[in-house]
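Read through the structures below before going on.
Each of the next two complexes has subunit A plus one more chain, namely subunit B in the first and subunit C in the second.
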Partner chain A sequence: MKIILSRLVAVREVPVFLALLLVLIVTGIANPQFVSASGAQDIFLGVAVIATLCVGQTFVITMRHIDLSVGSTAGFTAYMIGKVSGDHHGLGISLLVALAIGLLVGAVNGFLVAYLRLPSLVVTLASLWIVRGIFNQVAGGNTITDNQVPSALGYLGRHSFAYIPYIFIIAFALVLFASFIMHSSRPARDLYAMGSNPPASELAGIPVIKRTFFAFLASGAVSGLGGAILLARFHSADSNSGLGLELNVIAACVVGGVAVAGGVGTPYGALIGALLLQSITQALGALGVSQFWQLAVNGVLLISAISLDRYLTLRIKPTRILRVKS
Partner chain B sequence: MVTEAVPVLTISGATKNFGGVRALNGASLSLFKGEIHALLGENGAGKSTLLKTLAGVHRLDSGEIILDGKVFHEGSTKLAREQGIAVIYQEPNLFPDLTLAENVFAGRQLQLNHGKFVDWAGMQSAAQELFNQLGVPLNPRSKARGLSIADQQIVEIAKALSLNAKVIVMDEPTAALSSKEVERLFTVARGLAARDAAVVFVSHRLDEVFELTTRITVMRDGATVGTGITLDLTEKDVIHMMVGREISDLYPKIVTTPGRVVLSVKELAHDGLFENISFDVHAGEIVALAGLVGSGRSEIARAIFGIDKYTHGTITMNENRLAIGSPSESMAAGIALVPEDRRQQGLFMAASIAKNVSVTVLKRLQRGFWLQSKSEERTATSWGETLELKYADITDPVERLSGGNQQKIVLAKWLATKPSLLIIDEPTRGIDVGTKAQVHRLLSDEASKGLAILMISSELPEVLGMADRILVMREGVMVQELSRSEATSEKVIAAATGAVTV
Partner chain C sequence: MKRAIFGWDKGILVFLVLTTIVGSFVTPYFANASNFSFVIQDIGEFMLMAIPMTFLIIAGEIDLSIGSTICLSSAALGYSYRQGIPFWLCLVIALVVGLLCGLINGILVTYFGLQSLAVTIGTLALYRGLCFVLLGNQPVNQMPLSYTDLGSNSIPHTFLPYVTILIFIFGAMGWIALHYSRLGRWTFAVGINVEAAKFSGIPVMRLKLALFAMTGLMAGVAGIVYTFRFASASPDGATGYELSVIASVLFGGVSIAGGVGTMWGVLAAVLELGVIRSVLQLINVSANTLLVVSGGLLLLSVAVPRAIEISRSRRKLVSIEKKG
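Moving on, here comes the complex of A and B:
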């Protein structure tokens, strides 16, 4: 029993999942309204965009990098989808534009980090600003309104299957798919190796540069898709869309067990992390706690997550010098 | 033991220079299938360079390596592995977050469905099979984090097995192992040889060499001194081949008369690291802590300086007992520590020379609230002259200087505090001969002015040339004390390695 328990706790996603259950149960007892279908719907809606972006971020963080540009990219693509579609082009072309923007940002990030070996924190901070700057220039003071949103996206954003919003189902499917890839494809396993021990991964003959580039490219592409979900969710977009989203995404990843030190974590863990953060935000609302406390609680949660991580990983035996007397 | 006439690996005429330092100077080595071959030599003899060449890290300047009848392609770790050479390092470089099975197959995972998916079950059973063959109870599903060094080496050996390596190099594998783990490693090594691999065994422990190996090659000053069958050699022969030189005027030691006791260590012990360590260091005296890497010397130095705690014993500085684990108190008591890893622990690489030298004496340079960079620069410049420092401008960042000059700056930084005891760990590792002599002269000068020096060094000539007294450590125990007049290389090596007859 003890062994099973310690194995379970060793699975990184389990403590987060338990915390999520705890939040739902405690809040549900205090305010039954919270565990209703509409309460769940609120959480799912709120999490769809972040969960999508977490997929790309997990690829990047796993190899001990970070992608700060995802919020700007998602916001920009949300706007561009509306703009292109509003100009009477089809959904297909709108989505292609979104994907192209995402891939372009990802390719630039990937090139600078992988081939020029620049630090990803700085590179993606720069691209966060550059994309946001271009976005502001393109959008000006304009707003994409409901009638410019492609009708298919609008439909997905408004409707649900058994109280589960379609956009959450899409995000969930993406997370499952990415989790499978992360577990079972060789390039993805290399990402774990690269994050776990960078010099050793070079020695093991892993094509580090190529893998790094493609991970950033994937993060860019996912950000483009995230833009589509963002537009579907809010039915509008302006130059502030997606502002600061990257921080929520990174927080969800970290809380969900995707350590910024690299080498560990899964997309579904990040999804659980996102659900936990969103549930807490909404639980605090349901419990009548002031909105202002919600950010502080998220902060405490982040610190708890990394503290737990350190406790679990830092128990290494000291090297012995004295011979064991036999 | 099968020994065939044609060697599986031949290295001949290998030379390699690093800057002005000649690391290899016509080294040669030949290995046969099924043998366990010891490669011996002092630190700096060129063993590591030779091994790193085989591992694909370095490329020779000239010379030839023939592996299995073909020219060995140098300069790529991946290619080296594919050609059949595996290197097991003293501290293996595993992926702590991955399972042991993934570690064994890192970068070349087994795959299902024509290479679409990772074959987890296949990798796990293959790794399990390898561990079984090696006779070790490791779980391929568990993560590598927290694994003992002995087990990490086994994982590396399993990797070598899975690659069908023809040559398996073990670089000081036993340095951090317990005696039981050493036994297990020996069994594994014999098993590898029985499967016709050539095993190269590097160790400073001569008893192990004579127990395990079938042949011995000794290197000195980048060249091969000789090769022989282990059974035909004695420990004395081998030590002679390893040392074989006179101590030159690299060591301008000034004869001093030791003064009062500065540092007194009594029955110091730390569980698992060292035990029953007692010694004094007098003013004006240079005391060397000799011994193999990993024998506990640095740990003692860290305990004295207060970086690490200790479980038993006392440390007294100028008749005042020091608190356990307080570097600031140790500094206040007049101890200065120059660490071995100066890039990480001793210097602010991006800061200027002036800032680095004056950082330990800021209090003295302070005028009211403000620091004056002029006075920082003055202090640094005067030390620069004493130390014959080579630099363009005193405000240049330290990272632009050579290793030798960086070491001088670390020294200056600590000497500027006017300590009464200087602990210096590997004072001249990795610096060129000329600078070495300057560092030695400086240490000798400071000692003659009354500074007590505790020097940790793995370089025998340095120990013999500089120290008034030599304390030899082996496996966490102080095994011998030698005065300057009675110390010889043979005696120190014998004590440090546990050789019985010399």
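Moving on, here comes the complex of A and C:
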């Protein structure tokens, strides 16, 4: 029993999931209205964009890099989808434009990080600004309004299947798909190796440069898709769309067990992290705590998550070695 | 490698002179005293924050929470003044709050052994959240004029704003501490190889804790400067400062991998960014282009040394092949 328990805790997603359940149960007892269809819907809606972007970020963080440009890219693509579709092009074309923008940003980031070996923090910080600058130039003071949003996207953003909003279902499907890939496909397994020990992975024959490039490319593409979900969620976009989103995404990843030190984490963990952060925000509201506390509580949660994670890895590692020896 | 980045430092200085010359030719409004004072005022907080951030990044750590810390110390200043505490005491409170914020970051990084990038994203949210807790939605606008005038006026008989004094004092202190003191040597040693530094007897934990505390304290100073400049304390002030400061430090030739950098390179870089911003604004270039230019410069600051390095290693290879 003890072994099962310690193994369960060793799975990094489990404590986060337990915390999520705890938040939901405690809040549900204190305020029964919190556990309702509309409450769940609020949480799912709030989490859809972050969860989508977490997928790309997980790829990148797992190999000990970081992508700060996702907020700018998602905001830009959200705007461009609305703009292109407002000019009477179809949904397909506008989504293609979004994907193209995402891929382009991802390719530039990937090229600079993988082939020129520049630090990803610096490169993506620069592309955060460059994309935001271009975005603001293109958008000016314009706002994409509801009637410019492609009707299919608008529909997905407004409707639900059995109280689960469609955009969350899309995000969830993406997370499942990415989790499967990261669990079973060889190129994605390589990302873990690269993150745990970069020089060793190179010596082991992993095509590090190629993998790095494609991980950033994937993150860019996912950001493009994130833009579509952002637009579907808010039914509008302007030059401030997606501002500061990158830090929320990284926070969700870190809370969900994707360590910035690289080598560990899963997309579904990041999703649970995002759900936890969002439910706490919602729970504070339901418990009547002033909204001004929400950000501070999120910060405390983030710090406790990484502290707990550190504590668990310190505690669990020795037992593992012992077991191997015996 | 070191040499290439050293070259970038000098490049910044050349760049600064060039921008100033070009700036004075393209617009008549650039090269005059009032604009110069404007530029300095504009970059005051960035200058101050770039000094401790240089130490941190050279030591291989990072602090993303400085924007929030500046705001929290400013909010603490405003809040305590609103409670009727004498103003000089409010200033002390602001400094203490900054120091505490830095200490918390430092303790989490050193004694808890956490990654500074993750920790300071957490405290970024936490400190910003506390600003809202303290002030709610109401900014504090009633500040004693005798103090806030310091933020907008110039030193008598000169065109320099008062913040210049702080920049000179702390800049000189930072320069001496980084390049001519044990603290500085330790900082470089830790950044180059933390294990080796540990074994050679450098108290790595205490050093890093001190650097984080220093950053927090300086954010307290910058918070006061910020409050004086805008004569108000609001819960959403100084948003995004962390990225600008880190970008200017990197632009100044400090390596994000740690162990490399100079103080004067960083200070010149902050000034350079301020001057470019001023010139572009004066010739009516939009704020959006400014963003793109800042991003482009940041990329250049890492790409150029890297390109030099690659070409050097190629040359070496070629010469080896010729010999062989």
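The working rule: the second predicted complex is superposed on the first by the 313 of 326 C-alpha atoms of A that agree within 3 Å, B and C clash if a C-alpha of one lies under 4 Å from a C-alpha of the other, contacts with A are read in each partner's own complex, and residues count from 1 in each chain.
Definition applied: a residue touches a chain if its C-beta (ideal position, glycine included) is under 8 Å from a C-beta of that chain, and two chains touch if they have at least 3 such contacts.
Model, not experiment: these values are computed from the prediction.
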item: First, second, both or neither for A:I66, with subunit B first and subunit C second; value: second
item: Touched partner set for A:I206, first subunit B, second subunit C, both or neither; value: first
item: Which superposed partner A:S184 touches (first subunit B, second subunit C, both, neither); value: first
item: Touching partner for A:G299 - first (subunit B), second (subunit C), both, neither; value: second
item: Touched partner set for A:V264, first subunit B, second subunit C, both or neither; value: first
item: Subunit B versus subunit C as contact partner of A:G273, first or second or both or neither; value: neither
item: Partner chain in contact with A:N197 - subunit B first, subunit C second, else both or neither; value: first
item: First, second, both or neither for A:S127, with subunit B first and subunit C second; value: second
item: Contact breadth on subunit A, by residue count: subunit C or subunit B; value: C
item: Common interface positions of subunit A, toward subunit B and toward subunit C; value: none
item: Subunit B-touching residues of subunit A, taken from the complex the two chains share; value: 183-186, 189-190, 192-193, 195-197, 199-206, 262-264, 313, 315-324, 326
item: In the complex, subunit B residues that touch subunit A; value: 77-78, 81, 93-98, 102, 106-109, 111, 115-118, 120, 145-146, 148-149, 176, 178-180, 272-275, 294-296, 299, 475-477
item: Subunit C to subunit A touching residues, read off their complex; value: 62, 108, 112-115, 117-119, 121-130, 132-133, 136, 240, 243, 246-247, 250, 256-257, 286-296, 298-299, 301-303, 306-307
item: List of subunit A residues in touch with subunit C within their complex; value: 66, 112, 116-119, 121-123, 125-130, 132-134, 136-137, 244, 247, 250-251, 254, 259-261, 290, 292-300, 302-303, 306-307, 310
